[in-house]
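What follows is a set of structures to go through.
Look for chain A in each of the two complexes below; its partner is chain B in the first and chain C in the second.
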Partner chain A sequence: MLFSIIGHYSLILGLLISLTLIFFSINNFKNSKSFDTKILSFTFLQFILVVVSFLCLILSFIFSDFSNETVFNNSHTTKPLFYKISGTWGNHEGSLLLWLLVLTLFIFLFLIKTKNQPIKYKILTLVFQQVIIIGFFVFLIKTSNPFNYLYPIPEEGLGLNPILQDPALAIHPPILYLGYVGSSIIFSSALAATSLNMISKKWASHIKKWVLISWVFLTLGILLGSIWAYYELGWGGFWFWDPVENVSLMPWLALTTLLHCVLVLEKKLVLTSWVIILSISTFTLSMCGTFLVRSGILNSVHTFANDPERGLFILIFLFSLIFISLFIFFFFHKPNQSNLNNFFWLSKETSIIINNWFMMYFLSVVLVGTVYPIFLDVLTSEKISVGPPFYHKLIIPFLIPFLLIMAIGPKLKWIKSNLEDKVYLISLLFISFLLSFLIVKNFNSNFLINTILISSALYLFFVTLRDFFIMKKNNISQNIAHFGFSLLILSILFNSLFSTEIITNLKVGETFETSTTKIIFKNINQKKEKNYKSVVGNFSIQNSNGKIDNLSPELRIYNQPNIVTSEADIKTTLLSDKFLVINLVQNQDYFNVRYQVKPFMLWIWLSVLLISLGALISLFKKEYEK
Partner chain B sequence: MYGRKVKLRFLFIVLILITLILTAFLVLKSLEENVVYFQSPSEIKLLSELDKKKIRVGGMVKKNSIFITANEVKFIITDFKNDINVTYSGAIPNLFEEGKGVVAEGFLKDRSLFSATKILAKHDENYMPPEVKEALGKK
Partner chain C sequence: MKNKLLLLFIISIFTIIFIIFYKGLKNTNVYTPDIKINKEVPSFTSELFYSNEVVKSKEIFDLDKFYLLNIWSSWCAPCRQEHSLLMDLMETKKIKIIGVNYKDTKKNAESFLSELGNPFYQIIFDKEGVTAIEWGAYGVPESFLIYDRKILKKYIGPLDEQSIKEIKFLIK
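Here is the complex of A and B:
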């Protein structure tokens, strides 16, 4: 009750501070000899107010204050404390408050961390960021206030969707948001730099850090979501090309492209327009994602409430942001032509540009696949869905040149170069091809494409592996990231080629046998926890060489809301995962049993961590002498 | 006539245009091949000819219609106007229950028999796929 009031008024004060800040900024901009310290303290104050508001919401959740509508809708007294807290951002209102928190945090950090840049630039970045912040304040207070009051006060809350009651998903939103929303600062500063016509090498190395930070968090956030989907949704896959996954992948692709372009810009003053467009589109794609997910157009676990007013608000806001950025881009940006033709075909720049085109292609494929069904529905009210085959068919063939250029590109020098040690590169290519031929030999389906695909991934693997031993200075971060990427692609390929699956319906005590595997359903136990009952099935699985694994998947029947979730039991080893999940079909004796052997599953997660590590190293690396 | 630079730039633009057109063509072609249309049991009844392509059928799981054996699940999807029998062998999502909404993906055997290859998971007990809602609303 008290917390709701404090939280609510903090939000309103925060909004007022935004307006004050814009006023101060305009004054300071006109007279920009020194940076007005009032601006810094007010930005800090605004951040603190949002923190206070956020803490109030967390406390309302902890104390199960059901006079608060958000708490009533998403919490329950029997929920463990950990999930009461994570429930704070496991709903529409709370997650938007988190969004606002990240927006204010980043602009504050930006102001204190940015030192050797013009004052006007800092002020203008603040103004653009405040425009976004105001938009979200208004959105939050007007359409999705987390502190709405309920009377009479309900005795008990409705509870949090059980599939969200999970450790990975508890930290997934904050991590993802640091990347997803963190890209707002790139958007604001790119617009500021364009308006002041100060896109330069110096700006590039300054913005690079922010791109890296967003990128690392976005990558880790997607990874967490993916791991969660793997063990919680019971399908045993890690990526489903679900529209909600796609809307996180699109900003990621744009951000990855931007990262590489900024690296080029840092060295040579080219691709300026490209960098600006990418900075704008990354955040715009994040906003698009929010719109699609929150307006109820896409249905998923992330869709909390279907309120057309919310969708309309985000859509209008999104279009105004796009309009402003395009206006600034076309009227203030003066591309400098002089450097454009200053590099040759065989150079690092060219290879980065070519791979950027591939990335843009991947991005458009994902965009079309995600948006097309929506358009068709609006235009013809025909219901369609675009499944994985669409993405696979359009993306996989183009991975081959993408991987090859990724292997050779970093070997090239800036401006103009001749390939050194050609012998090595060619012999490695030959070895990769031979090896993948041996691996794929026993497979009849898609023999050719698989061989070539695995060869190119192996090639990148070997080339980057060899570079670790040569130890060239400066590029260790790039080397780790690219090595991680090759590992990721290899793991995904082997995983999809060599996974096996058995699906059957079994009664307790029954046995299912194939030529290679014997599944024995031994018995079931029942357990009772505070907020759910569970049925644990005990299975013993015997494979052809006599090795026995005992797996105990679980079915949880939550009390509030009354939902059944299945918890897969996964036995992870270095080389493969054994995955078993059960489901009880209503009023029947049969359990639906799904057993999968998934090779290299662990390596998919590890390689993404490795890629992020590469970015982290690059972030903390001291600027080397030029 | 024109300088080398101009020619190069012209060539570059032509190349980009050709790539763009090819890409657009490729994406649209593959979109056409890989989309899955959604139909309600009533719409299937009205089909003049059976499509060999994969489709999605949605509606409610009819009460007392789930029948399960060791390697197969049979049930009936209804939009309260028309029914369709579904056979399926594969993983069953948690929220698959009689009287609840369901979307099945697969192939039509004839106008009253659907062989499903996938039953779609839902995330929430109150959630009804918008297609199903609309299919039920049309009655």
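Here is the complex of A and C:
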């Protein structure tokens, strides 16, 4: 009750500070001899107010204050403390408050961390960021206030969706938001730099660290979401091409491309239009994702509330931002004509540009697959869903040149390169092809494409691996990231090629046998926890070589709300995962049993961590050099 | 000049996207089955599951009779769920259930049926998923209620108690 009031008024005060800040900024912009320190203190105050508001919401959740509508809708007294806290951002209102928190945090950090840049640039970045912040404040207070008051006060809350009660998912939103919202600072500063016509090599190295920070968080956020899907959704997959996954992948692709463009811009004053457009699109794609999943236009676990008013607000806000940025781009950006046609065909920057186009292609495939069903529905009222085959057919063939260029590109020099001393590149290609041929030989399906695909991934693997031993130390971050990427593609390929699956229906005590595996359903136990009851099936699985694994998948019956979920039991080893999940078969004593052996599962997660490590090293190397 | 035209072009594209999203917001996002009453069943030829005979659609569906065409597969978990309901429906003997076995292998499909029972009067073996496309199916499972070679109703996703009640009511 008290917390709701404090939280609510902090938000209103925060909004007022935004307006004050814009006023100060305009004054300071006109008279920009020195940076007005009032601006910095007010930005800090605004951040603190949002923190207070956020803490109030967390406390309301901890004390199960059901006079607060958000708490009532998403919590329950019997829930463990951990999930009470994570419930704060496991809903529409709370997650928007988290957006706001990150928005204000980033602009504050930006102002204190940015030195040696023109004052006008800092102020203008702040103004653009404040426009976004105001938009979110109004949205939050007007359509999704987390502190709405309920009277009479309900005795008990409605509970949190059980599939959201998972440790990976508790930290997935904050990490992902740091990435999403972090891109707002790139958006604001790109617009500011364009307006002041100061896109330069110096600006590139300044913005690079912000790109890296957002990129690392976005990557880790996606990784956590994917791990959650693997453990919780019970299908044994880690990526489903679900619209909600796609909307996180799109900003990631844009941001990755942006990162590489910034690297080129740092060395040579080219690709300025690329950098500006990508900075704009990364953030607008993040916003677009929020719009798509929050407005209820798409149906998914992430659709917290289906309220057209909210959707309309984000839609208008999003398109206003797009139009503003388009005007700024067209009227202020002056491309540097002299440098335009100055690319030698064999150089590092050419290879980066080619791969950028591939990335843009991947991005448009994902974009089309995600929004086309909506367009079709509106235009012809026909409902379709776009599934994995669409993405696989359109993306996989183009991965081959993409991987090859990714291997060769970093070996070339900036500006102009030649082919001397590159014998090892050709011999490694030959080795990769031979090895891949030996691996795929025993599989008759899609023999040709699999061989070529695996050999290009192996090629990148070998080339980057070789670099670890002969390195000149200067580009370890790029090398680790590219090595991680080759490992990721290889793990995904081997995982999809060599996974095996057994689906059957079993009663307690029964045994199912194939030529290689024997599944024994030993017994079931019942368990009771604070927020759910569960049925645990005990299975023992025997391989052809006599090795026995005991797996105990669970069916959980949550009390609030009353939902049944299946928890897979997964035995992870270095080389493969054994995945077992059970489901109830209606009105029968049978359980539907799904057993999968999934090779290299662990390596998918590890390789993504490795890629992020590459970015982190690049980030800290920069700090260290200063 | 060229720049302004480009800007105008891009703005109009974004405006169109805006309008479409705006309209999309007003649509429901619940995937309701299309009710295409009295639409003729598509004509097709396909292979029967047990006999490997090739049949035409007209030979399967008689006039003046009720049929339920059910698209299923052994790899599809929701199909397992609805299977017992299909068995119940079959036992009423008022309707013939035609199965379309979608993108499956014979061995798996056979063990599926021997495990859970066979409610189907006839099964069409649709290994490549071509027949399902002709029916305009989005995925498995999906069921079509047919009378007089016309589609009365289409059920997307697994059948539940509610839809079985509706079917029983309609075939009375």
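Criterion: the second predicted complex is superposed on the first by the 619 of 626 C-alpha atoms of A that agree within 3 Å, B and C clash if a C-alpha of one lies under 4 Å from a C-alpha of the other, contacts with A are read in each partner's own complex, and residues count from 1 in each chain.
In the analysis below, a contact is a pair of C-beta atoms (placed from the backbone, for glycine too) under 8 Å apart; a residue touches a chain by one contact, two chains touch by 3 or more.
On a predicted model such as this, the values are computed, not experimentally measured, just so you know.
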* Could you check whether chain B and chain C clash or fit when both are placed on chain A? => clash
* Asked: Is A:G311 touching the first partner chain B, the second partner chain C, both, or neither of them?
  -> second
* In the overlay, answer first, second, both or neither for which of chain B and chain C A:I374 touches. => second
* Could you tell me if A:I503 is touching chain B, chain C, both of them or neither one (first, second, both, neither)? => both
* Name the contact category of A:G546: first (chain B only), second (chain C only), both, or neither. => neither
* First (chain B), second (chain C), both or neither: which does A:P152 touch? -> neither
* To do: State whether A:K393 touches chain B only (first), chain C only (second), both chains, or neither.
  => first
* **First (chain B), second (chain C), both or neither touched by A:S385** => both
* Which of chain B and chain C A:N583 touches, first, second, both or neither -> both
* Please indicate which partner A:V365 is in contact with in the superposed arrangement: first for chain B, second for chain C, both, or neither. => first
* Check the contacts made with chain A and report whether chain B or chain C touches more of its residues. => B
* To do: Could you list which residues of chain A make contact with chain B in one structure and with chain C in the other?
  => 299, 383-385, 503-505, 583, 585-588, 592, 594
* Given the complex with chain A, which residues does chain B contribute to the contact? -> 5, 19, 23, 26-27, 30-31, 33-38, 56, 66, 68-73, 89-98, 121, 123-125, 127, 129-131, 134
* Structure fact -> The residues of chain C that touch chain A in their complex are 3-4, 6-7, 10-11, 14, 18, 20-27, 29-31, 34, 74-75, 77, 80-81, 84, 115-116, 138-139
* Structure fact -> Within the complex, chain C is touched by chain A residues 291, 295-299, 303, 306, 308, 311-312, 315, 319, 322-323, 326-327, 330, 374-375, 377-379, 381, 383-385, 503-505, 583, 585-588, 592, 594
* Residue ranges of chain A in contact with chain B within the complex -> 161, 163, 233-235, 299-301, 341, 357, 361, 364-365, 368-369, 372-373, 382-387, 389-390, 393-394, 503-506, 510, 512, 561-566, 581, 583, 585-588, 590, 592, 594
